[in-house]
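In structure tokens below, several structures.
What follows is a pair of complexes built around chain A, which joins chain B in one and chain C in the other.
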Partner chain A sequence: MLGFLLVVLLIPYLIAAYGLLFVKLRWGLRLFGAFIVATIGLLTAMFLVEAYPIIARDGVAVFFQTRWDPVRESYGVLQALTGTVLTSAVAMALAMPMAIGVAVTINEILPARLRGIFGSLVDLTATMPTVIFGLWGLFVLGPFLKDAVNSVSRYLVGDDVMTSPYTLFTAGVLLAIMITPYAAAVIREGYALVPKPVEEAIYAVGATRFEAAFIKLRYVRNYILGGFFLALGRAMGETVAVAMVVGGNFSRFTTNILESGITISSLIALIFESGITISSLIALQFPNAASYQYMVPALFAGALLLTLFGLAINAVAIYIIQRGQI
Partner chain B sequence: MTAERKAEDITAVRMVINWLGLGLFALLGVAAVVPLFLIIGDVYVKGIDAINRLGGLWHFLTELPPTPLDERGGIGPMLVGTLYMTALGALLGIAVGFPLGVYIGEMRKEKFANVARAGVNVLVEFPTIVVGLFVYAVMSLAKEDLNRYLLGPISNTISPLGEWIPWFIGPLDGFNAYAGAAALTLIMIPYVALITASAYASIEQPLREAAYATAGREFNALFIVLRKAVSRAVLTAALLGTAKIAGETAPLLFTALGNLYYASFTGPTAAVSLWIWYAAQTSYEVQIDSAYGAAAVLLTIILTIFIIARIRG
Partner chain C sequence: MAPQMFSWSKTFHRVTGGKIQVNYQSIGSGAGAAQFLEKKLDFGASDVPMPRDKYQQAAGRFVQFPVIIGSIVLVYNLPEIAYSKTGMYLNLTSEVISLIYMGEIKQWCDPRIKALNPGLADKLPCKDIVAVHRSDGSGTTAAFTLYLTRAYQPWNQTVGWGYTVNWPADEKAKGTGAKGNEGVSQAVLQTPYSIGYVEFAYWAKNKDKYDRVGGVAFIRNDNDGMYYFPTAENVAMGAAAGLERYTRKYGAKPAPDADWNPVSIEFTNPPRGYPILSFVYVFLWKDYAAEGYGDAATKAALLKEFFKWVLTEGQKQDNVVEGYIPLPSEVAKIGLEALNHIKP
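== the complex of A and B ==
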């Protein structure tokens, strides 16, 4: 009934907003603003309600359990959370240098004629459907990374570390390619805002172009940090491409971490195993979730977690960028 | 060693560092776009080959998808579903996103406008799968009553008008094209709103005053006179947003669900991106081929929209 009212009221609401635009413009516009705020509030409330059964049963433990065993109705999203953190870490480590490289290449290195074209290419990377990235990761990037990583590791430790082409590492590398444009866009925006007198002063003291680029990057460090958080938000929420290459495996976490404890080497070993992230957990498990009593609430709890992460990361990013406005 | 020699040495070292550093930046920048070419090349090489093997372009664009036992097949239902949901989503997205953008761009002095701007900023970065789950949750709450009180009576009344009506209007299933379009709309709104807002915010003050002076009403000033000043940016935003939602998969997983046949839009609806997601993960050669063909078609649609947006903008 609640949902019915919601859908039925939504349509008159939008019509009213349009009507008000012609009568009392400001109130009409405010209604549109209210629409977007209400949507976000409703979304969070909806997830709280949907996730309530499992939170009532397990408390917050649902976020700190590793066991994902539908047959015993035991759901813990900690492994998926670890997977999200690890893939995002790999992705950010690779994406930030590339994003800075893009910003410097466009503003310092390329001749003015080519800047627009290069910028368009970067924007196109952001517009590409994620499922096509997934397809490429599945058939090209995954096998390639497996060969490359194994030939290095055979040389270093004498053994293959990547037994499957579809691991958290593959997902991280694919994510890095996908999120670079988002970080780059923010850094480019800041880079273009460096005042002309500052630039002239940098060259006046005899800086080389590299030194100038370096000083300017320090000047826009707020934008770099803001871009970092925005890209991190994207990396944590990305679903389809990650789900296609991450392997969808639950068991490794327990064997690796519980036996050897949380150490650097066990975490690194974990990166080269197939795993799962929160968003890919939702995408892969939802189709058969209805046959279990508590799985749908558990998946909504995962979505709630993603929402809260998204809100927090965006808040930080927006704060940093606005504080650092030149 | 004289001081001059020393200074020369330092300069030489700095020049070397300069070239090495710039080279490193350029290398990193190029590394960010190389995968794009690899992906486009991979998709078109394998995709065109696959389309030829599955029965030629026309056959591929209109026929049903191949079962594991078939040798020929296409993506007809998926293409129809994607076009329908993208068109609906884009229209609604612009209809809500544009006024919203005007609000947060023009009324920046209002406190509530800043709240709304923060909301839009959050929504544009939201994981798309979360949006899909939200629409799914609303749909599963609303479906039964919606069918009983509203859509059932309506479709009973107007269905004698024509054979085609049940294809578009009727009691909804849990998964349907309209839920998919709603999810795409929610993704499109913040995209259009943010670019509209920054376009309106960049209008110079004298132009704004002239618009208010000549237009008479505030509505005319904002939506007729000033719109001309920003129409290019808004059109680009609309096109890029459309390209973005045409390829979305995650929000459709739980709203449109996907389908293998030409079917009513009130039930599970097929989409090109959903077919790629599904077919790429099967182990049948012919379906993987069709996934590559579908990817080539989807990429062509998106590249076309993108290039139009760049030339116009």
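== the complex of A and C ==
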């Protein structure tokens, strides 16, 4: 399988590189483009092949079940998908305002000679190993969030909502901190590219600094959208750090939804419970998966679901951009 | 098991004058067994014996034997009755532990917990129990759930045992997970009213921290009805008693090339001593040349030398990492005999 993939991927790569360098630049570039699409296609195909045994046994039920019971060889990845969606949602909701704030601060507010330093520092946080973030989440962020959320919830609803420091919410907040630099980098680039005449025109009509920033952000909304999807991809795919703080409760989803149905309040309650995401499920369960007959296929089914989900989100993004022409 | 294997490999490298280097990587028990059978590794080590279906693939061609004892302790965070305040630790039984992880006992003031702890009964708070378990697949979970399976029948019917199980407390009560022994250890320290199971070594390292927020539980051995504290002596007593029970039941000591699943079952919940035991098992091929290893003669000789050292010198207190328990001599003998099966 691996050898096959290597041959299939390496040969087109070499042909494309040859075309690019020695034949005609345009053809080479097209080949590279086709090569990337083929890679994604092949990867999806590989997931499908690897996941086939469990799909053959359970049908599509594996995507709609929430049980994870290796003892009875019964697997489902729906609760993990829910976890991925919820943690990503929390992360994006917190990260986008932060990223825009960082971009505007660097380009507008900081003195010119500090911009470079501050910008590099923000970029540097993006290169930090994720396990460092995970450890920080385990020892500092989790316990802190638990105290903070509970002191607010005691005031609002009179009870603790977060019993454990390691929940989907903790993972979401940690992800927000991890992905902000990615979104910020893209937005900052766009922001710096606003043409001088446009900027002068904004100030010429008497805009305040705040209004100017607001207009410029609307001018670079394509970059904001780009940053959003780049960061979303990171949030959905992050494994190590999330695995350390997400809790790892494989069946909470069932209880909450069965008890109260899919409502806003049951989803919010779910966020403050420990859970699991697809990527962290794979990271946590893969090392011993070979001891079970169907666990490896089930984990590949999870990977397949995540890939298809990611493709669907990107398709929606492309559709929005093309239709809106923003 | 990783810290002990690393330490042995390092010490052995030193005592052989830097001539022999044993590389050990911690890749997970399941992967260790699988990659050993695929011959990607020269030897394998695991918290559980070779699983039955895998054993059958290679039955008679390899040996397995224990090299060190680990133990699993139950740590809890109960500020009201912390050891530092009361000078007492909780008493627990396999039944109560099972019911907590099954989500049937939901609060610390449950009469079934009070009944075991008359001295602490009036101080136990009516707070929900947060049952912490491993979120990654692990040999620790396998040994812990095997104990509950053996000691409490309803656990066997509803949950069973393995690297990962479906914890009923996750659905019915406030169950939560954490990654690795470090994760569970940290989660219990950080979560009031929680309980968790960790390898003995992880409790030994953080003993003072646990005493401040809670402590470690005495576990009742259901066979002799006594409560045992997880000390090295009590754990070793359990191991010796387990071997005795196996020998009595099957009429002979376990053979190194036999299926060791029945052996690990006899070691679990032994007639006396601390009841939650786990062994680190090592897998070696009988005939490295026939299995297609290159340079087989040297490889076999080196592995024999290393494990002979592990089973003799390696069991001395100086060479055992804190938190692990040396094998009783009759258990170590099984391994030494196994080494004779390996073709030079």
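Quick notes on this structure:
Just so it is clear, the second predicted complex is superposed on the first by the 266 of 326 C-alpha atoms of A that agree within 3 Å, B and C clash if a C-alpha of one lies under 4 Å from a C-alpha of the other, contacts with A are read in each partner's own complex, and residues count from 1 in each chain.
Rule of thumb we're sticking to: a contact is a pair of C-beta atoms (placed from the backbone, for glycine too) under 8 Å apart; a residue touches a chain by one contact, two chains touch by 3 or more.
All of these numbers come straight from a predicted model, not from anything done at the bench.
Put chain B and chain C next to each other and count what each touches on chain A; the higher total goes to B.
When the two complexes are overlaid on their common chain A, residue A:P70 makes contact with chain C while staying clear of chain B.
Of the two partner chains placed around the shared chain by superposition, chain B is the only one that A:R30 touches, whereas chain C remains out of contact. Of the two partner chains placed by the overlay, only chain B lies in contact with A:L124; chain C stays clear of it. Once chain A of one complex is fitted onto chain A of the other, the partner contacts of A:I40 are limited to chain B, with no touch recorded for chain C.
When the shared chain is aligned, chain B and chain C each come close enough to touch A:L138.
By the touch criterion defined above, A:T163 reaches chain C but does not reach chain B. By the touch criterion defined above, A:G247 reaches chain C but does not reach chain B. Note: residues 138-139, 244 of chain A belong to the chain B contact set and to the chain C contact set alike, using the contact criterion stated above.
Taken together, the chain A residues at the contact with chain B in this complex read 1-4, 6-8, 14, 17-18, 21-22, 25-26, 28-30, 32-37, 39-40, 42-43, 46-47, 50, 97-106, 108-109, 118, 120-125, 127-136, 138-140, 177, 180-181, 184, 208-211, 213-214, 230, 233-234, 236-240, 244, 279, 282-283, 286, 299-300, 303, 306-307, 310-311, 313-315, 318. Interface residues of chain C facing chain A in the complex, by the touch rule stated above, are 27-31, 33-34, 51, 54, 128, 130, 132, 134-138, 159-167, 170-172, 174-179, 182-183, 186-187, 190-191, 193-194. Chain A contributes residues 67-72, 138-139, 142-143, 146, 163-166, 243-244, 246-252, 254-255, 273-274, 276, 284-285, 287-292 to its touches with chain C in the complex. On the side of chain B, the complex with chain A involves touching residues 14-15, 17-22, 24-33, 35-36, 38-39, 42-43, 95-96, 99-100, 102-104, 106-107, 110, 112-113, 115-116, 118-123, 125-131, 133-134, 137-146, 149-150, 186, 189-190, 193, 217-219, 222-223, 240, 243-244, 246-250, 253-254, 273, 276-277, 280-281, 288, 291-292, 295, 298-299, 302-303, 306, 310.
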